[in-house]
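What follows is a short report on a single structure.
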Amino acid sequence: MAASAAISHSTEPQAGSAFPPPSPQKRPIDREAWIAAYRTVRAETESRAAPLSPEDQQIQSMEDASPTKWHRAHTTWFFEQFLLGEHCPGYRIYDERLHYLFNSYYVQAGPRQPRFMRGMITRPTAEETRGYRAHVDAAVASLLRDAETAALEAILPILEIGLYHEQQHQELMLTDILHAFAQNPLGPVYDEAWRWPVSESRKGQVELSRSVTQIGHGGEGFAFDNESPRHDVLVLPATIDRALVTNAQWLAFIEDGGYRRAEFWLSDGWLKVQSEGWEAPGYWRRTERGWSSMTLAGIQPIDPTQPVTHISYYEADAFARWSGRDLPTEAEWEIAARDGLLGDAFGHVWQWTRSAYGPYPGYRPLPGALGEYNGKFMSNQYVLRGSSVATSEGHARIGYRNFFYPHQRWQFTGLRLSDAGR
Amino acid sequence: MAASAAISHSTEPQAGSAFPPPSPQKRPIDREAWIAAYRTVRAETESRAAPLSPEDQQIQSMEDASPTKWHRAHTTWFFEQFLLGEHCPGYRIYDERLHYLFNSYYVQAGPRQPRFMRGMITRPTAEETRGYRAHVDAAVASLLRDAETAALEAILPILEIGLYHEQQHQELMLTDILHAFAQNPLGPVYDEAWRWPVSESRKGQVELSRSVTQIGHGGEGFAFDNESPRHDVLVLPATIDRALVTNAQWLAFIEDGGYRRAEFWLSDGWLKVQSEGWEAPGYWRRTERGWSSMTLAGIQPIDPTQPVTHISYYEADAFARWSGRDLPTEAEWEIAARDGLLGDAFGHVWQWTRSAYGPYPGYRPLPGALGEYNGKFMSNQYVLRGSSVATSEGHARIGYRNFFYPHQRWQFTGLRLSDAGR
Amino acid sequence: MAASAAISHSTEPQAGSAFPPPSPQKRPIDREAWIAAYRTVRAETESRAAPLSPEDQQIQSMEDASPTKWHRAHTTWFFEQFLLGEHCPGYRIYDERLHYLFNSYYVQAGPRQPRFMRGMITRPTAEETRGYRAHVDAAVASLLRDAETAALEAILPILEIGLYHEQQHQELMLTDILHAFAQNPLGPVYDEAWRWPVSESRKGQVELSRSVTQIGHGGEGFAFDNESPRHDVLVLPATIDRALVTNAQWLAFIEDGGYRRAEFWLSDGWLKVQSEGWEAPGYWRRTERGWSSMTLAGIQPIDPTQPVTHISYYEADAFARWSGRDLPTEAEWEIAARDGLLGDAFGHVWQWTRSAYGPYPGYRPLPGALGEYNGKFMSNQYVLRGSSVATSEGHARIGYRNFFYPHQRWQFTGLRLSDAGR
Amino acid sequence: MAASAAISHSTEPQAGSAFPPPSPQKRPIDREAWIAAYRTVRAETESRAAPLSPEDQQIQSMEDASPTKWHRAHTTWFFEQFLLGEHCPGYRIYDERLHYLFNSYYVQAGPRQPRFMRGMITRPTAEETRGYRAHVDAAVASLLRDAETAALEAILPILEIGLYHEQQHQELMLTDILHAFAQNPLGPVYDEAWRWPVSESRKGQVELSRSVTQIGHGGEGFAFDNESPRHDVLVLPATIDRALVTNAQWLAFIEDGGYRRAEFWLSDGWLKVQSEGWEAPGYWRRTERGWSSMTLAGIQPIDPTQPVTHISYYEADAFARWSGRDLPTEAEWEIAARDGLLGDAFGHVWQWTRSAYGPYPGYRPLPGALGEYNGKFMSNQYVLRGSSVATSEGHARIGYRNFFYPHQRWQFTGLRLSDAGR
């Protein structure tokens, strides 16, 4: 899989990479750089879909997941709806009916196909979706080439958010197809060559001393609205592990009855353990020769040295309690990470923090329908930091706030431990 | 659609048709006729799948329905499991793992994919399924050509049931894909040329006088086990309409508040009307220009002269009560039909009877796993008689007992009225 | 419990008993006999409620069951709605608001409290319900005493149906409270002295020969509308056991893997076995000293000589298949019973037949809201014949058609076996 | 209702009040003061139950609520389990079986009746529950009188937590019975004389300037474990309204389409609005003469001057967004409240904050089963501050952290607005 090689494990821009693009504020505007960035991102989407049959691209294996084809069409709709439709005079909508099918959740952008019904749409086919993408790609390239410079000032910020948006869906494409394949007793392989990245293998702990400092987006480079404003936080003394928790550590938790002893669990988590019959991380299966797991390379034995993944917040929290440790807050994580003190912070597994996902003080969402991008999800979820093996190149950054519900575990989610407030 | 032209509207064998095959008891055994019948039926399945994309063949739009690809593979599994596996020495199973995926409900044939998860199987693909079919087809043809005559005595009855079994799935392929397409706001078209067959337009009523007579399978030709044994029934005086109930009649029911007046409905039916929000037959939609319906030819205006279809037993029963009439029993239907007295008995819509589906007196299922074919469904369902526009050529017969739950309406189901026991 | 002693085990009227009352057609009208019948039935309801605390009378332990207090009030509402409200000029409604609360399912009698919410009504209290009953009782007695003779002609048939209706609820009072008590780990006792009636202990089988004969209500004495009209049926040769199936026989079924072997079960039944985890009849619990069961006398060891009870149709059917036997049809049962050939036909357990519950040929429901009494339930249920230990004195008769859904088993339901149509 | 008069609207101890008791650390130990405090709290529970019939005390109207009788027994079990069972040598358990029935959620204290089945327990009756309470009360009084002084050091902290625990259930008794009565179309009245307390009617806003300050329990007086440890927080500049949001303001929100405009709502909240059909606060009903609401005094017209109540967090958050305002954090609330700057902070409605409920830095739960009291609920909930009209006298304090799920609204929950972080 070409995609796999392209996955970045750091947040440093790669030399010669077309992504990320220049800042939309940079003058003079480098139109070719923007076109290259657009093409790079769009090509990565198709590259990730390439190993999949039309059938693979069709299915929605649970309500949280979406079909590959839907991701390909929805990211295209995003440019058509927010960029071409509003900023490209004379643009011809490819097919009005697709707006109903491929709007995800933007209430202000009109009615839409119910989320759980995304897998019911066989037409347009995977092949026909290619036509939709090509139509929009041509229009965006023309727009970038031909638009007045003044118009580009409005266009580039939307283009930029569209590119980061598409990268988010690139990550979901991998996690969603992994979930779908895990439903098939045949255990299909997405990429024979897929492997976990090599760990930095850092040991020991970072010590944070008490301080009032700032976190959040400071104004340089792209960030989603939920990373702003930059603001003061009070950090209390804490220590954070440089290493991620590994499968070997998790096996000890399992063997010590971790999934059977209520005293380690949040009440809501314990209900989930019982109703779902959890006794190991997601996709783990007990075999005659020990634990195996469904991966992008098919069913593979558990490697004890790799970071544990496909764990929910509830499991991360229970593991920390069993360990007599804590999860870090997102502020603690960000402060330690920006000084380069954490190992494997990016490109392995998203790391659960103990911070409930909410607005930063003074947060204001974007105006219009794009204001629904992040703000309306600020309840009942927890913040994850870092990035994962499935995150696209150039997408991660220190201040990135990912968020999921505490029971969800189909993402590449793991943890690192800390001792907080002692 | 080639398939459409081939749909038979009578029960008479067509001259020169390869199906139905000779009786398995006929001597000498005409091996070529059996091979031709096998090929005819197998080709019809592929012909019905031909207009569909791989995506179309993938989806399961509700638990009652199955993916096209699943139908194609399951009917193949049926021959592999019951014919080749047991009667073809040296036969090489195509892929053991497919038995889990494509066993429908035969508990005695081993564990199987849960019904509601049939749409989760993207591999084998639609294209790969073709390979499975070809492998089995070659083996069956060789078997028919090369088996000892004595062995054929055991083989032919199983082959025959396999062919009728596959025809049943051919009907489901059309009704299932119609349901799937109806979920898509784009209203995909299965066959532009699809049309309702022309009605025989018979008027008036058949009068049945009191008699003790026989119904059920008398021993000639193929029949499923649930049609036996032939047995006496007491028929009371009744009259049965020669014509089917039409859309025009149903519109009068709707306009008279049929779906809003509890007094016409069985209690369980009324609960369904309310929980599902029924206000018309399945697939009907109110448009600015009157009622339309999703059909195999896409969304079409309702034709008042055609028989009403996609109605549940509850609706048929309510309509009869609103009309001050009855539904016939299955015995009444069979007696009237075998004397050729009913119009449009075959090839239009299955006709609900008021007979609960149960065993005929003295019924015994087939031995072994095939005994699960019909017998275990003999509760909570109602008998339908006749055949529909989607029934394969050569499949229908006078004594045929179809059965569905009283709330189901995705089949081509309609009704004719009677006055019973007066 | 006084009620227990009063439970009749035959259908013969007891000498000196006030119930059943005279025929409404009998002249001259014996007003005192009707008043006595009314008082007898009404007193039995209160007698059955007497051992219960206000809390006991409050709860609804599942949607199928109703609170004792609700039964007491609903039966009272029935007389107020259908008798006093329509036939007693000047009658003062006790409290209009109770009509919403205590209408069961008569759509034509107005809106009503949702069935599953019956346990939410704490006011009126059990004690206040006594006031409602007394108000209606006084009015009914006055009406019977003072009405014009001509008016009584319309009144008595409604009164009569009201009395049989109340007796039906008397049976439900016992089965519903048994279900409620079975939810309480303390295992409350309804009646310390409660015992199974003594069996008639008949052995062998009744032989039925082929005949066309009549079943159904012939016009003498009371019957519900669903027992009419009397009509011809064709009965095929059959044999029916004189004895009921016992707990000892059922234990053999359990020990032979009856609840674990799919081959004995209807498909819908097997789903129920699995989803509910059935491994024995309702209320059975495995203890260190063998099987026990919750009964009206609290938790008691299973008596192998008693008839098995609290079994669903699915279990009865599976048991018959395991036995290589059948269940009788309702016609076979009625013909054998009316000749006195069946042992323990009444007063032990209702006996499942293999007849789906439907209208007799020519059946017409009562006019008006009372037409909803029986007719609208004629789908998806099976007929039971006989009567049970909980049936009120004078209520049972040969032609009585009881009916329940095939998964229900909180009634005193059992079976006798037959060999049908061989 | 005597209870109503006793409800405190401030956090100041009332002169001469028996509750709160002395500090468990105070020497010499005033045994009589502790006995008086115990009796006062226990009597308040019975006083709140007094207006209720046995039936009223029986029902559980939703899974979140519990029967009155259950509250009375569970609070008694708490003393038996944690105080008498562990610290009273020779204590005779009243009835072992009650421990299964009346353990709420303490996994480490043994198995227990499933929460949603609490309404299924009719025995012990309300009357019998009185006996359980008396037995435990006598034992506790004896223990307090007779225990060695040294033993009292372990006893008093548990007694104290038991008293605050029982007061929490006193509040639930009122909110749960209000919910139960709201299910009854008759609209029963709990207390004819019940009235909203008079508002302090403060106007304007409290200004908070930036500071690092401390919140949490500082060591004096009782506090639950979740209020500790006292710790530094960074507070950013903010303003908080002195007044609560009123019904008049809420009516403006409704009239402006507040419940129909998705742009004001969190995504999870909007799903709830649609699935539950919310169009006003809990218990509100539209009548011909405007809005009314179910209250402890029965159905009453909405008083526009009173604080709005029975709103979920989702509604509070949507209202704030509609207002262009915020909800305060719990730290902001606590800082403003401890300087006495907020009007109606106590005794009216609990006030939603925008703080997700989590552990304070360095939080450690109590050892043993009592550690389950608060800690295991620290996910998916939001903190509320203040106290309500239903809170028992002496229970509230500045640092009190109440918490509920964001969709819950059967408590007396309201809000005050702020402008945060600007």
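Letters are used for the chains, namely A, B, C and D, taken in the order the chains are written, and counting of residues starts over at 1 for each.
Going forward, contacts are C-beta pairs under 8 Å (C-beta built on N, C-alpha and C of every residue); 3 or more make two chains touch, one makes a residue touch a chain.
Bear in mind the structure is a predicted one, so any value in this text is a computation, not a measurement.
Chemist: Counting only C-alpha atoms to place each centre, which chain is farthest from subunit A?
Modeler: C
Chemist: Cα centroid separation between subunit A and subunit D, in whole Å?
Modeler: Averaging C-alpha atoms per chain gives centres 39 Å apart.
Chemist: Taking each chain's centre as the mean position of its Cα atoms, how many Å separate subunit A from subunit B?
Modeler: The mean C-alpha positions of subunit A and subunit B differ by 47 Å.
Chemist: Could you give the separation in Å between the centres of subunit A and subunit C, each centre being the mean of its C-alpha atoms?
Modeler: Once rounded, the distance between the two centres reads 60 Å.
Chemist: Would you please write down the residue numbers of subunit C that are in contact with two or more other chains?
Modeler: Expected reply: no residues.
Chemist: Could you list each pair of chains that touch, in label order?
Modeler: According to the stated criterion, the contacting chain pairs are A-B, A-D, B-C, C-D.
Chemist: Residue numbers of subunit A touching subunit D in their complex, please.
Modeler: 105, 107-108, 212, 231-234, 236, 262-263, 265-270, 313-314, 317, 354, 356, 358, 360-362, 371, 376-380, 406, 420-422
Chemist: Across the complex, what residues on subunit D touch subunit C?
Modeler: Result: residues 53-59, 61, 69, 97, 100-101, 113, 117, 119-123, 125-127, 180-181, 183-186, 188 of subunit D touch subunit C.
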